[in-house]
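Take this structure first; my questions come after.
Which chain is which? They are A, B, C and D, in the order written, and residues in each are numbered from 1.
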Amino acid sequence: MLKVIVWNENRHEKVNPEVSAIYPNGIHTTIADFLKEEGHQLTIATLDEEDHGLTDKVLKETDVLIWWGHKAHDEVKDHIAEKVKEHVLDGMGLIVLHSAHFSKPFIKLMGTTCDLKWRKADEKERLWVVDPSHPITEGLEKEYIELNKEEMYGEYFDIPKPDELIFISWFEGGEVFRSGATFKRGKGRIFYFRPGHETYPTYNNKEIQQVIKNAVKWAKSPGTLTPMFGKSQPLENFKSK
Amino acid sequence: MLKVIVWNENRHEKVNPEVSAIYPNGIHTTIADFLKEEGHQLTIATLDEEDHGLTDKVLKETDVLIWWGHKAHDEVKDHIAEKVKEHVLDGMGLIVLHSAHFSKPFIKLMGTTCDLKWRKADEKERLWVVDPSHPITEGLEKEYIELNKEEMYGEYFDIPKPDELIFISWFEGGEVFRSGATFKRGKGRIFYFRPGHETYPTYNNKEIQQVIKNAVKWAKSPGTLTPMFGKSQPLENFKSK
Amino acid sequence: MLKVIVWNENRHEKVNPEVSAIYPNGIHTTIADFLKEEGHQLTIATLDEEDHGLTDKVLKETDVLIWWGHKAHDEVKDHIAEKVKEHVLDGMGLIVLHSAHFSKPFIKLMGTTCDLKWRKADEKERLWVVDPSHPITEGLEKEYIELNKEEMYGEYFDIPKPDELIFISWFEGGEVFRSGATFKRGKGRIFYFRPGHETYPTYNNKEIQQVIKNAVKWAKSPGTLTPMFGKSQPLENFKSK
Amino acid sequence: MLKVIVWNENRHEKVNPEVSAIYPNGIHTTIADFLKEEGHQLTIATLDEEDHGLTDKVLKETDVLIWWGHKAHDEVKDHIAEKVKEHVLDGMGLIVLHSAHFSKPFIKLMGTTCDLKWRKADEKERLWVVDPSHPITEGLEKEYIELNKEEMYGEYFDIPKPDELIFISWFEGGEVFRSGATFKRGKGRIFYFRPGHETYPTYNNKEIQQVIKNAVKWAKSPGTLTPMFGKSQPLENFKSK
């Protein structure tokens, strides 16, 4: 049982009937629901709550934070984004979904622009597994996940070299994309997972759900050490020169 | 519960009283005993058994193989070493201990000489954790493991760049060493762990045992996919040019 | 000026008029010719020469070896393949082209099967750059190289995690492939580059030529150190315990 | 010939006679002087200049920026640090020396705290080469660089996993440190190099100078591509679904 927060911008759902038809209770609810099947303890947090629902108390107790945002990245307060970053460095897992490549916490943690190419054209995406012994692929039976309609994201994706590259996407229009990638930062474990445009039922897909379920388990830091920083006494005697 | 084989050369134990005083039933027994505490199902295999105790049947059912060898690497038959390599590529975990850096299966899997510097001088080793969120460090409470007397292994260690570098050793005589490193090969997961010279009671050390226990769990491949190779039909229609 | 050997199996050229129409003097000659433009000193070696043209003397003086092979990998003598591997570990650069993914030296150096999916269907390939500051991309002006007809190679490509991933290919039939990847082994630098099926004029393409030219410069080891291995004296005094 | 800026905080030199005795014209002058031997065009910039000497015009024309800072990191204006980061992402090389691990541009680019252990105790440091074919080691003849007295920096060093790990330091007091590491960010190439405490004559050491000379050449981005971001037209025709 892990303590998981699903954070959602939750704006498209309010204004775009196409989105609310697919996710009537918001993308966050769909994600939270399938994660509950795993026995995790789920909390929802959204942009329009006070402090975006991300108080110190809540973050401190969180094992893994999932982030979905798109059109209102700028409305996330800097000090909250900074706080999320600090909790990740301190060991909280972070799963960054789709358009959250441009979210403040992810950009701060990556140090790059996280920019990419995109196109919305009801396009087929096929995510190929390129790391078949990775726990994030557990339970998948096919070598790729196929999504009949998705937004295209194309290279160059301006991220640091991932620690592990798990999925590469093929798009009908001719592009490729590093679609599933892990990064360790401080004591925190981060997974970026590309699919999930709001006008497609991607988070209802069982294989996509499986990947996110796996990612939650993977992102929970197993580390038990607390590194000490600053001035340190020597562990060995040596002669002053 | 995992199926684990501890493979030991088991020669020093027979001829060197210094070794048999520390490991009266062989290094393999000491390792098997602390792994049994984890609930795993343990099998012992040694050099002098038929096929070195590594039949196809045994290997096929094995989740993780632990390998200790030193003075008789050459006596391991090539076809057995090749078979071990194939099982690793097919998903069997492999934990390579100390002087097994020169074992046939490890060299075949790495593709390099795996050579290094060494010195036996009752020397202090301190293994520093440099990846504090890695599951192989779980349960460790200090940032380093200190061994009062060990053999020294020094850089340059001629291995491919590890996928993950978990420990770096400091030695009293002035050297450093990449002491804990992971490598994925095929569907198999490999962990090299430096300490464990036969004349020191290293495998009785609780922190060393903890690392090996963790490594066994990590090395069990979670992959469920079986990649297909060879001639493939297209997944998309396209016009012949 | 570098000393470069282009090694070619040179069998298709002799029996398949489709190949000899494109490469009338063999694939090796085409590659050697455009490399000569860079001022390098080129040597040709082919399978049917004595020792496959790879004597100790020639290998010892070589900065970079380029390897193309396909249907006669098995005819390469084991001791020659082993020698090539040793020279790479000792600092010779190696550029592995297309179907040489299954060549003996590459498999020995990787430690994996190097298997993949394939299909010959006059299919479009688009190689996307995913490491735009890499010297192997120098001089490229577009973000991708497009080849109108090529053989398809698809993931999963059973190689160790590359040190650097430079190109990812998109194929018309729905697959992706890690098409340009670097690996350091010992003091040697290895570049695998996917395109180049014998029935297509791929090595006449100026961008493909540019990549291979860059790769030759990159693969020349700049290392000047010779690591020492074996028993070593301590660099520090310490008390025996 | 490259355009290189040496940026120095230049404060210790003004107040600490111990420092000005070693670097009478500032650390920056010492570094600039040995880089001039390579034929580069050198510019000096220091904290107390307007905009810290880092105008847009200067940065735009810079191939490689070298950064030394220690006690006044906080006085570097945020918008200047941000501008440095942007120029790195846009292709400017960055060499981060010693205590500049805590500089604003480096922290922004890494996304982590960049914290570490430290101790000033006139302690011996030995930097071991662990990547002997890397161009940054070119010209070194020994497998390590020995510095008789240096400040100690110890692990855990809170950085992302380096793209390449080139040096690991051994310290007399019992610690180790990843002392030479490369990171690509955007189109920029970054090298962190540990040694260089202000009260020791480290930058007069010929091997340290060699490494920095090599790093300047390495950090100059060879990339010629300019990735396009944002909305993109498809490269292939496909049927709307």
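Quick notes on this structure:
Just so we're on the same page, contacts are C-beta pairs under 8 Å (C-beta built on N, C-alpha and C of every residue); 3 or more make two chains touch, one makes a residue touch a chain.
Bear in mind the structure is a predicted one, so any value in this text is a computation, not a measurement.
Of all chains in the assembly, those touching chain A and also chain B are C, D.
For the pair chain B and chain D, the fraction of shared interface numbers is greater than half, so the two copies use mostly the same residues to meet. Using the mean of the Cα atoms as each chain's centre, the chain most removed from chain A is C. For this pair, chain C with chain D, the centres built from the Cα atoms lie 33 Å apart. Separation between the centroids of chain A and chain C, computed from CA atoms only, is 36 Å.
Multi-chain contact residues of chain A (touching two or more other chains): 126, 129, 131-132, 143, 154-156, 161, 163-164, 172, 174-175, 184, 186, 227-228, 235-236.
Taken together, the touching pairs cover every possible pairing of the chains. Across the complex, chain B is touched by residues 91, 126, 129, 131-135, 137-143, 163-164, 172, 184, 186-189, 221-225, 227-228, 235-236 of chain A. Of all residues in chain B, those touching chain C in their complex are 85, 89, 108-113, 115-119, 121-124, 148-149, 152, 154-156, 158, 160-161, 163, 172-175, 183-186, 227-236, 238, 240-241. By the touch criterion stated above, chain A contacts chain C in their complex at residues 126, 128-132, 143, 154-157, 161, 164-165, 168-171, 174-176, 178.
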